[in-house]
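Handing you this structure, nothing more for now.
First chain written, first letter: the chains are A, B, C, D and E, and each begins at residue 1.
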Amino acid sequence: MKKIGIVDTTFSVVNMGAIAVAELQKQGTGFKIIRRTVPGFKDLAVACKILIENEGCDIAMALGMPGPEEIDKQCAHEASQGIMQAQLMTSTHIIEVFVHMDEAKDGRELVWLTERRVREHAANTYMMLFHPEKMIKMAGTGQRQGFEDVGPTWK
Amino acid sequence: MKKIGIVDTTFSVVNMGAIAVAELQKQGTGFKIIRRTVPGFKDLAVACKILIENEGCDIAMALGMPGPEEIDKQCAHEASQGIMQAQLMTSTHIIEVFVHMDEAKDGRELVWLTERRVREHAANTYMMLFHPEKMIKMAGTGQRQGFEDVGPTWK
Amino acid sequence: MKKIGIVDTTFSVVNMGAIAVAELQKQGTGFKIIRRTVPGFKDLAVACKILIENEGCDIAMALGMPGPEEIDKQCAHEASQGIMQAQLMTSTHIIEVFVHMDEAKDGRELVWLTERRVREHAANTYMMLFHPEKMIKMAGTGQRQGFEDVGPTWK
Amino acid sequence: MKKIGIVDTTFSVVNMGAIAVAELQKQGTGFKIIRRTVPGFKDLAVACKILIENEGCDIAMALGMPGPEEIDKQCAHEASQGIMQAQLMTSTHIIEVFVHMDEAKDGRELVWLTERRVREHAANTYMMLFHPEKMIKMAGTGQRQGFEDVGPTWK
Amino acid sequence: MKKIGIVDTTFSVVNMGAIAVAELQKQGTGFKIIRRTVPGFKDLAVACKILIENEGCDIAMALGMPGPEEIDKQCAHEASQGIMQAQLMTSTHIIEVFVHMDEAKDGRELVWLTERRVREHAANTYMMLFHPEKMIKMAGTGQRQGFEDVGPTWK
């Protein structure tokens, strides 16, 4: 039985963890989900690392929603660097799913975008864990999570 | 008996460590606080790491107050990266509480904001140590530490 | 038999991994290629590290295509820092091949540039693995991958 | 007998190491100073790490003077990140003392500022090594090294 | 017999490695040089680390020439962070010698500046390896590598 770690935040205005859990359960079976919630996105990296090391998670999702201010961008950068380091220290994939509050024009679109991006990344997480060889068939096809795919620019 | 590390600075213009200690003691019992003070916020990361490694702290709070200049922002960025690394190297949460001096319009608001943010993060620290499962119920509820909560933007 | 790791993304709009494989096979023999595809360029670093550690790759290529937005530049920076760390943690070269979507004036040029840069870096990868001493003869000769070489500015 | 490491640069226009040694000797006794000089501030981090690891220093001072250009700011950022990492890798405090050449309006003020900042940080270094508990009494008192203290903004 | 590692790039338009080797041989004897050439400056850090770990180099020089574009500055920053990390991971000095193409007004000055900077850093490398105590006498004397020394601003 494989294990998937899900970590989200109380800072986010959308319950990202609940969406990820729902989508993973739609994708298939054969795994157990371990969920944690932390205050802000800068707490995600170490929480994911602990899930991998102490709970034996085979992959994790780090779900965060940076605010619109300049300082939020800086913090998101630090959070991302931490998630990168956590992956390298554990040699384990952590799928980072960040939705910036200023990507959407209003609250309605923010909820729509967040749900879509989290679901598409949950599908990626499932595929990377159970069918990594299928990812190769999608190489260079311009996939995007949230807004429309760009598609391949192939000769 | 669990241990909570508290580190603040002589650079700050508010005694952040004293506020954190007071709030933690209000939250409950069953823990011992170990407090340190360092010159500036760039000394916080290693001080927290030493408290975790040598004093056996189960969690720590890193309390700093960056000044308003451009160079202070850069230093705050370096300090945050260090706190991130300290967490990953010890697989232990360090709750970073930074109040930027230019977030407040005057000294009075600065004291108000600092006290509120430190207290709310102290409550988070207590909850993450003793009741981490309760955090999940607050996922995606738009919590903010200091200024007003944003609240959830849920369908 | 030496092993070369190739990792590309589903985000890219050109199948960079296929080009790298084709060029390496044109360069010579005596190696086995292990290919992986990940969602985005921020997943490249840990994927390369896993190929080196678990599959015994002697060198790897990390192939990514950052988008044109400011946030893409930031993410590319984080991805590059991760690839740097992965190299240092494994003491193994990972040849980073990034083509920024805004380097080309249209889709046609983007395909042309990507193919050329990936092929030239694949040739470098082959040479570094099998004939590192030949690199010294090219020191200071202003080599560029993709657009025209600059050439040496020698007295 | 405790050991204090002092590292400065040939790039600086003021002999920062000599000032640090003089001030430490004024502060008290019971320690041995080990001094090194490196070319630039980007060489400080590894020099401090070597003093801690190979010479058994209990604390170190990293003394540098970044130039006024944009590229100097970038290099100072890299140097600071290195000093942060060196501290975390050794779990030992390294007091960073940087004086930016453009902080002073002329050479005379630069010498005055440098001497004052180095001396005040040397006093911090001594106190952190021998009387860390005294630092707590100075928490939140707005200490500055070089220019005037800001003082506490306390209710 | 001590060992000095020299790594330069095929990207540079001046043969920096050849200049470093020539200057080191002029400085004295008692060492063996091990030279490598890599494609770009982002490959320097791991190449130096490999020379230190696998070839037993006691010190290394990392020679690179960043281009004039904004993206080159970003890459140079990543390369420098990598060289910093390589030093800290090996507790060994790596003298970084970067000449930015836009530091010089034309190709003639670029060659002049590069040769001068590489030679002065090669002299530093030799002195740090064989006579580190002599560096202390040059502390705070405003040394620059390439353009004119600034000199001390001493009372």
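We adopt the following convention: a residue touches a chain if its C-beta (ideal position, glycine included) is under 8 Å from a C-beta of that chain, and two chains touch if they have at least 3 such contacts.
Quick caveat: nothing in here was measured; it's all calculated off a predicted structure.
Among the remaining chains, those touching chain B and also chain C are A.
Between chain D and chain E, the centres computed from C-alpha atoms are 25 Å apart. Note on chain placement: the centre of chain B and the centre of chain E lie 41 Å apart, centres being C-alpha means.
Among all residues of chain A, those that touch two or more other chains are 81, 85. Taken together, the touching pairs link the chains into one ring where each has two partners. Read around the ring of contacts, with chain C first and chain E next, the chains fall in the order C, E, D, B, A.
Across the interface of their complex, chain D is touched by residues 73, 77, 80-81, 84-85, 87-88, 91-96, 100, 121, 124, 128, 132, 135-136, 138-145, 150-155 of chain E.
Across the complex, chain A is touched by residues 8-18, 35-39, 42-43, 45-47, 49-50, 53-54, 71, 74-75, 78-79, 81-82, 85-86, 89, 107, 110-111 of chain C.
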